[in-house]
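What follows is a pair of complexes built around chain A, which joins chain B in one and chain C in the other.
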Partner chain A sequence: MEKIIFYILAIVIISLAILSVTTKKLYRATLYLLFVLLAISGIYFLMEYNFMGAVQLSVYAGGVMVLFIYAVMLTDKIGKPLRDIPTKWKIVPVLVTMGTAALSIYAIYSFQGINAQNEATITSVGQVGEKLLSYKAGGYVLPFEVISILLLAVMIGAIVIAKAKKIINQEKN
Partner chain B sequence: MILTHINYFADLINYFSNTLGWGFGGKILGYVIIALIYMTFFSVAGLLLVYLERRVAAFFQLRLGPNRVGPWGLLQTIADALKLLTKELFGTDRKDNLLYHSAYYIVIIASLMALSAIPFSKGLVAFDVNIGVFFISAISSVGVLSILLGGWGSNNKYSMIGGMRSGLQMISYELSSGLAILTIVLMAGTLSMTGIVEQQRDMIFLLKGHIPALIAFIIFVIAGTAESNRTPFDLPEGEAELGAGYHTEYSGMGFAWFFLAEFINMFIISAVGVTLFFGGWLAPFGITDGLGPEWAWGLFWFFLKVFLMIFLLMWFRWTFPRLRIDQLLTLEWKYLLPIGLLNIIIMAVFVYFGLIL
Partner chain C sequence: MIEGVSLFEILSLTTILFFIGVYGFLTRTNLIAMLMSLELMVNAEAVNFVAINKYLSPAILQGQVFSLFIIALAAAETALALAIILHLYRLTENIDVKEVKQLKY
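Right after this comes the complex of A and B.
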């Protein structure tokens, strides 16, 4: 049963990911990307990693996608189909993508440390939180703090950008 | 935490797949039956809520409301639904068909998935996960997208403005409702919906957490009203300005899905509020404990509490005037969010020093 659901989700992810980069309509690309992200969260739920699945839903499908939609609306001529891309522009991205795929597959198959478990272990939110704040071996307190500082910087930057016009106008007066 | 509660839905699947020995097919049959139960509930509850809305509106305006079709006008909404079913579907000329038609499917699926994580009674929850509350708030943030997609796909300026307003509003108020939920989670120490209900056996969280819980409840009700796009926060479909906002260009069942989903979202918000603050399906002070099957009394108390909460939300609609867009954003970012953040700190201090009852 899990296998069937996995293959359905995998087909959805791959086909819609391809569609989202090949479509000529920018707004549809965001819709395809939304379905890709939803299907990825489906895979997390399939693994019974419910916390990660819900994070995927709320952060990517709910948050980032809305930002994408607003960003797409700011682009030029969204109502019209995109123009054709010259073939020579396609070569480098295709090569990079294929190289990345080859590297990933090589890395996965050459790594011997994975012990696949038959039974899914349910990770509780408490365990995630404790790992995030632990400064012992295997703890994530440093990345956590770095990300907090990054987010703070982004917020200050956003305020500065939003207020810049007002301040310039005030100085002029 | 592995949940070992009674779950009648899991029992049903188990019955088909193991007791009857149908294996894989039985499992599928069980899932289909559960899905049908939820979809029936979705439509029946939606129709009843529309009827209730009209009766409550009439009550506040000293009218009678629908009273001709069936006893007390109960069949009025069914007649309306039949009328909508027979209507022709038409849209604007150059709409984006894919976006236009996928929008209402996304909104229904999001509402149904959120419903699945709500415990209706003891053991009556289809998707009993250890992160229930978080799952509901995550899946309801996906519902915003349907409004944005439908607003754009309709190829109408009023739809698009309505969709954009709705996106702004829902994303902003999600923060506040999330903080209010977190305040209660801090006290409960679990994200599981059944776990939260079980913790309120001795006392409901609204009383247990006294001051911070009360503030969280007020924030939750305001943010919940805003998230379900109801008056006084119905700017996305402000009739006087935008026609009908994001569903201007939908007709027949396309419109009906959005309409139903809106009422079901109101139900979900009330149900989450009842679960978090009023003990969900538990009887108040345990007055009906041991008087019969617990799940039946649970259903009764749950729906009674949800009805009272929905009545409160409908009361708001006829009490407060609609906000302007700048007032709406000011309320969220300058008042609700700072108060919510402060409240969560107060709650943390209270929990740390054991000041909650």
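Right after this comes the complex of A and C.
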């Protein structure tokens, strides 16, 4: 059962990701990306990491996609097709990415040193929270604090960038 | 781990997803579309971290905690990049990488 769901999710992810990078309409590309992100959260739920699935749904499929949709609507002329690089040059990225992907998959399958544990483990929110706030060896309280400062800096930076013209004008006067 | 699915299959899926993102990054010229391809790559890496942690050493949570940090960083990066892109659009009415080259000279 899990296997069937995984394969359905994999087909959805790959086909919609290809559509998202090849479609000529930017707004449609955004919506395809939204469904790719939803399917990836499905993979997290399959791996019994429910917290990450919820974070993926709320932060990515909720927050980041709203940002993207606003940005597309503010900048894109709806109905005007996207300009990619010229079609005759597209053979180079196709060859490069397919070649590198084939090489990577060959390297993955020829690696022998993997001994996978065959036990299904459920990661609870409590375990993750203890790990994030633990200051003993193997705890992550310092990166956690650094991330919070980074988010604050990003918030201030985004406001400053968005209002840069106004601030410059005020300083001139 | 997912019952009946080996680590190789998940790694193949994320590899393909990553290289679809690389393809999009190389072929798009619109800045927002390039950023979307970047999101595909970041997501593939986050799935990789969780999958390898779940399959190889489920007792410790390092990969799973790191995937949370990856999500936070990616959200921050997207917010900042979209702010820059919107400001650029207000200045130049254009977000095509072929046209936006004020910083080049």
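Quick note on the criterion: the second predicted complex is superposed on the first by the 122 of 173 C-alpha atoms of A that agree within 3 Å, B and C clash if a C-alpha of one lies under 4 Å from a C-alpha of the other, contacts with A are read in each partner's own complex, and residues count from 1 in each chain.
The working rule: a residue touches a chain if its C-beta (ideal position, glycine included) is under 8 Å from a C-beta of that chain, and two chains touch if they have at least 3 such contacts.
If you're wondering where the values come from, they're calculated on a predicted model, not measured in any experiment.
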So in the superposed three-chain picture, is A:Lys3 touching just chain B, just chain C, both, or none of them (first/second/both/neither)? second
Does chain C touch more residues of chain A than chain B does, or is it the other way round? C
Contacts of A:Ala54 with chain B and chain C, given as first, second, both or neither: first
Touching partner for A:Val12 - first (chain B), second (chain C), both, neither: neither
Touched partner set for A:Gly63, first chain B, second chain C, both or neither: both
Looking at chain A, which of its residues have contacts with both chain B and chain C? 1, 55, 63
State the interface residues of chain C toward chain A in the complex, per the touch definition above. 1-13, 15-24, 26-30, 32-33, 35-37, 39-40, 43, 47, 50-51, 54-62, 64-65, 67-69, 71-76, 78-80, 82-87, 89-91, 95-96, 98
So in the complex, the part of chain A that touches chain C is made up of which residues? 1-3, 6, 10, 13-14, 17-18, 20-22, 26, 29-30, 33, 36-37, 40, 43-44, 46-49, 52, 55-56, 59-60, 63-64, 67-68, 71-72, 74-76, 82-85, 90, 92-94, 96-98, 100-101, 104-105, 108-109, 114-121, 123, 127-128, 131-132, 138, 140, 143, 147, 150-151, 154-155, 157-158, 161-162, 164-165
Note which residues of chain B are touching chain A in the complex, please. 1-2, 24, 27, 96, 98-99, 102, 129-131, 134-135, 137-139, 141-142, 144-145, 148-149, 152-153, 164, 167, 171, 174, 191
Sort out for me which residues of chain A touch chain B in the complex. 1, 25, 27-28, 31, 34, 38, 50-51, 54-55, 57-58, 61-63, 65-66, 69-70, 73, 122, 124-125
